[in-house]
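In the two complexes that follow, chain A is the common piece, with chain B as its partner first and chain C second.
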Partner chain A sequence: MTGAELWTTAAVFGPLLASLVALGGRPAALKAGLLLGSVTTLAGSLGLWLQVLQHGPVRHLLGGWGAPLGIELWADGFSVVMLAVTALVGAAVSLYSLSYFGDLSTLDAETSPAGRAARYFVPLWLLLWSALNGIYLSADLFNLYVTLEILGLAAAALVTLAVTPRATVAGMRYLIVSLVGSMLFLLGVALLYTEFGTLALEELSAAAPGGPMAATSLALMTVGMAAKTALFPLHAWLPPAHAGAPAPASALLSAVVVKGSFFILVRLWFAVYGGGSEAGLVLMGGLGAAAILWGSVLALRQRSLKRVIAYSTVAQLGYMFVMFPLLAPEGLGGPDPRWSDDAWIGGILLAVSHALAKASMFMAAGNMSYAVARDGLRDISGVAHRLPMSFLAFGLGGLSLAGLPPSAGFVGKWLLLREALSAGGWFWVAIITVGGLLTIAYVLKVLRHALDREASDGDFRPVPRRMEWAALLLALASASLGVRATEVFQVLLQGGVQPWT
Partner chain B sequence: MDVTPLLAWDALPLAVVLSSFVPGVMIMFLKEEQARLRNSLNMAGAVAKVALVGLMLQGVAGGASYEWALEVVPGLSLTLRGDALALLFVTLSAVLWLVTTLYAIAYLEGSANRTRFFAFFSLCVTATTGLAMAGDLFTFVFFYEALTWATYPLVVHKGTPEAIRAGRTYLYYTLGAGAILVVGAVWFQVEAGTVQFAAGGVVDATAVASGPITWAFIFAFLLIGMGVKSALFPIHGWLPTAMVAPAPVSALLHAVAVVKAGAFGITRLLHSLFGIEVAWEMGAAVAVAALAAFTIVYASVRALSQDDLKKVLAFSTVSQLSYIALGVALLDPLAHVGGLIHLVHQGIMKITLFFCAGLIAQTLGVKKISDMGGVARRMPLTMAAFTVGAVGMIGLPPVAGFISKWYLGLGALGAGQPWVIGVLLASSLLNAAYFLPILRTAYFDDPDPSWARGAEGPRPRLEADWRLVLPAVTTAVFSLAAGLLAASSWSPLGWAILIIEQGVL
Partner chain C sequence: MTSLDLYVWAGVVVFLLALHAVVTRAHLLWKVLAINLMGTGVFLILLAAPARRDPMVADPLPQGMVLTGIVVAVAATALALGMALRVMARTGSPFLTVDPETEEPDPDAPEPPR
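This part shows the complex of A and B:
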């Protein structure tokens, strides 16, 4: 087995195996599963990162069987960056979940409600992790469909773990959206297959899909994936689901799960369809712009902590679609050769930054409401003095979302702005800028409540240290990418936005 | 100790930045009760910073320059450059940070949330030294925006509704302008092809001639970004509002960090990005000069009608800051010297005044000028320091402010802009009109019975805590020394001439 094969196997099957281990249900099994999943994915993504950085995109035929019969895994720069950020977020959330549901070693998994939640959370999450890594490494549409389906089912189940009626309804809605999304995707896949007779992404890309059939197929798949990514106006399911889930699940859903379908959209539009049509890209960007404005305004109006963060996800996802038209003008990479990689690097940096920051913020918010046992903005008054580390994590995450230095968000926005300005796209410049200011407004609203002098004197439950550290570590990761992102830049150019041309 | 090897250490600028960053981050994790450890960390960082800056001063005076860079992404780096121009500002911040730290420790003793306060205080200074040594526009914006958010918790420190409101106003202005600054900076990079700071500018005069509108907009965007921190009319409104913050914060805002960052940014914009000749040709520099001149007079007029001491000082800052912008915008090296030294002179004089205002408010509870009767009898050292600052603001010899005005005047004549003399004279008269009555009240009016009674008890040996008095007296002595010893090569004037001679402006 070559190095690359070892690492792809570890990334996909490591968490799957861990999930099976965790099904044992005993506290020791849960812990072992989380540890195994974290170690295999961290090692796998790091190893694969180095491979791709040195040798370019790598291919792995599982069991030596090639297409059309076998399963083929494939990794380029985009894959490894998403794998790595998911591994970081996943490891931190795993650490967090060790304490969130109560001390795992003393939990009675059979009887206590927290124990039951933990017992389901761990294997579901590990399964989800495996599916997500599968998406990033898929080389054909069928694998994408299968992993996407697993991802959707596991994610919807995570929402319902909160066992409140609202969470159950939200989870149900999420499940339906997710299933409809996958169905539309499958329909699109079928159309492509009848037209071109292949499901391999690379072969499809070589066939340069065009004509009405291909366009219909892209439209179907796009609507399906946009629904799963909660792209405006298909976002309504997201806030109740992400806000209703238990904190570690919220962190995962907002930070990485929506990135799975986003990843597929980028692959489809740019790698397979070669950029699609200019009008289509502008439409995607326009929806992104609407998402930024609408999501931010609604985030400002929320009264509960987790709903602010959930609406913020709707807004921040918009930035990732603003990347679409910026990648378009006059051939991919923009009109100005000096900054030809700007939109690509900038857009993906924003996705990475959002994943790290949002997971950190959901965990920090989880800590705050864990401490006061409530979730209203008023209830967290003065919590900053009790939980300075969580407060810091939330603040640093907020900086990243708002694009203030030091953060990956600042660098990403600089690059996107540079692309937009060199192409004369003033509309996008305005959207990017205004979105940043709105972000500051809603982040600050939370911080102000947390800083409030009149601390509520109610019961204050001590928060386990590792929950605070998990949140802070991810926020620090996002901040450090703001001073050093060269390695991400370089690996993203391996394959780039169009790996097969 | 032999420091020669250290003098050649290229990462000295980074060490200067880290000397406040590391203590700041460590303090963030301390508990509120750990006052001793917190104060030690703070003072250690402040002393270390001054020592490191001292090393760099020595090196730069000997012709060395320092550069340290970290690539963020290919084509964008965080670049710290320690040259004579950067050091002018860095030295000011480092020295004033040291005295302000001592002052703040005493001023805030026993109050709440000191951990947060000192952590962010250190971060502010970190950002300030970073932007002072920024070798390019990207690095400058990086630290400039960081300074914006790091200052916010200090402005709202008291947590009163008034403070929260002031904080909101502060953020509206600075973040709004910051967003415009970022767009301007990126746009500059797209059009000029670089973000490097270089003496004489990096903008090609022919490029400006072929696209005057574009360049005018880029200049305007950048000027708005810098101008808001420098409190240029009409975007100065946040500064008088923010004076609700505790006195050490006012010192930080008005002398050490925030407004200086803006004024320094205008200097960079005119000299290191566009180049002063290009800026004159495109009419941008004259616009800055006119705006600055108007701000000088306008803010002085506004100061006349205030009764709150800190508010007077705040409007005075708005006015005095524009001296810097005015000086560096004129097309004459002597005017540049005048602007640059005023960056330092305004800092040491204004911080003296704010220290004194804080002392008086803390000791006697007096905040209004009309209540200041007889303060000089109760607090002679404080009022002596205040007098030095006030005389300096008016621009009378032998205080530092006189030297600034002298060079500004010479430069104005050299640049063929005699109207500037009129502005300087008018400003001096207006300054006299609002500072002299304060002195008269403090020295000659009868004490207010409310605090005079309270003072009947056993009088403290010193008029207030020595940690409050010493900083005020120290900076007052600096203000005098910068005027009296202006001819020395280590005075601000001597250093500003070195900047011109070394050609780093």
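This part shows the complex of A and C:
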């Protein structure tokens, strides 16, 4: 077994195996599953990172069977960066979930509601992890569909672990949107197969899809994936679902789950379709710009902590779509357009920084509402004095979202701005800047409430150390990643925007 | 128009009717069944459309995909029905009636697990 085969196997099948272990349901099984899933994915993504950095994109034919009948796993720089950030966020959330539902070793999974939640959370989360890694490593459309469906089912189930009527309805709504999105995607896949007779992304890319059938297919798949990524105006399901879920689930959904369908969109538009059409790219960027404004303004108007963060996700996802038009500054003329490295690295770096920052913010918010047993902005008054670590985590995550140096968010926004300036795209410059200011405004609004001198009355429940550390570690990673951004640059350029040309 | 074309267009019609039903029908059972039917429409297209190129030779790939798709659809439908039952149990209604857009924190919400 070569290194690449070992690491891809570990990343996809490690968490899957761990999920089966955790299905045992006893506290020891839950802990063993979380440990196994974290170790295999961290090792797998680190190993693949080094492989791709040295040898460029790597391929693994599962069981020695290649396309068209077998399943191939394939990794380039984009894949390993997403794998690695998911592994970091995943490990931190796993640590967090050991304490969030109560002390796992004394929990009675049969009778207590918290025990039941923990018992379902762990296997569902590990299954979701395996599906995400499968998406990042997929080399064909059908494999993408299957992993996407597993991701969607596990994610919707995670939302309903919060037993409130509100969260149940939000989870059901999420499931419906997600399933309809998958069906649109599958119809697009069927059309592409009819036209080109292959599902392998590489062969499709070589066929350079064009014509009405390929365009219809891209449109169907884009609408499906945009619904799952909550791209404006298909975002309405996201805030109630992400705000209603239990805190560790919120962190996962906002930080990494939406990135799965975003990853597919980028792969389709650029790697397979070679950019699609210029009008299409501008449309995607325009929707992203609308998402930034709409999401930020609504985040400012929310009165509960988790809803502020959830609307912020709608806004921050917009930045990743602003990358689309900036990637092709000279248009798509000719068979081999010039891709902008600045926009590519900037956009992906923003996705990475959002994943780390948003996970830490949701966990920090989870700590605050864990302590005061409520979620309103008024209810967390003064909580900064009692939970300084969580307060710091939230603040650092917010700084990274807003794009202050030395965070990864700063480097990402800087690169996008530089590309927009050199291409003379003043509209994009304005949007990126205004979005950053609005981000600062809603982060400060939360911090002001937390810093209030008068604490809200009511009980204060001590928060386990582990939960505070999990949030703070991710926030530190996000706020300091800008310093080591060159490592990410190097690996992202392995494969680049259009890896198969 | 061959019989294969007929299958393809039937698939398109089934898909569109089902999509219409997902959007317009409020009852959750309707929605779940309609999503299931959308899948059936895609499967019809997936089997019939590629076969038009050479109707005499069976292409195993779409068949494999449809079989996998059916398995996925069974799992998705089961989960969706289970969750619809949860919605019934927790809100007392088979519709998505609790407006999750309301801003105020839910006064009935139980405390986070201790």
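Things to note:
As a working rule, the second predicted complex is superposed on the first by the 490 of 501 C-alpha atoms of A that agree within 3 Å, B and C clash if a C-alpha of one lies under 4 Å from a C-alpha of the other, contacts with A are read in each partner's own complex, and residues count from 1 in each chain.
Here is the rule we go by: contacts are C-beta pairs under 8 Å (C-beta built on N, C-alpha and C of every residue); 3 or more make two chains touch, one makes a residue touch a chain.
All of these numbers come straight from a predicted model, not from anything done at the bench.
In the superposed pair of complexes, A:304 makes contact with chain C only, with no contact to chain B.
Judged by the touch definition given at the top, the superposed model places A:461 against chain C, while chain B stays out of reach.
Judged by the touch definition given at the top, the superposed model places A:489 against chain B, while chain C stays out of reach. With both complexes placed on chain A, chain A has more residues touched by C than by the other of chain B and chain C.
Shared-chain residue A:114: touches chain C; no touch with chain B. Contacts of A:318 after superposition on the shared chain: neither chain B nor chain C is touched. Looking at the shared chain after the overlay, A:27 reaches neither chain B nor chain C. In the superposed pair of complexes, A:156 makes contact with chain C only, with no contact to chain B. When the shared chain is aligned, chain C comes close enough to touch A:376, but chain B does not. Residues 336, 338-339, 345, 385, 388-389, 392, 399, 404-406, 410-411, 413-415, 417-418, 421-422, 429, 433, 436-437, 440, 444, 448, 451-453, 482-486, 488-490 of chain A are the ones that touch chain B when the two sit in their complex.
Residues of chain A touching chain C in their complex: 68-69, 101-102, 112-114, 117, 142, 145-146, 149, 153, 156-157, 160, 163-166, 168-173, 175-176, 179-180, 182-183, 186-187, 190-191, 193-194, 197, 199, 236, 239-241, 244, 246-247, 302-304, 307, 369-370, 373-376, 379, 461.
Here chain C touches chain A in the complex through residues 15, 19, 22, 28, 31, 35, 38-39, 41-42, 45-46, 49-50, 52-53, 60-62, 64-65, 68-69, 72, 75-76, 79-80, 83-84, 86-87, 90-91, 96-98, 100-106, 108-114, going by the rule given at the top. Those residues of chain B that touch chain A in the complex are listed here as 28-29, 32, 70-74, 76, 78, 112-113, 115, 138, 141-143, 145-146, 148-149, 153, 156, 159, 164, 171, 175-176, 179-180, 182-183, 186-187, 189-190, 193.
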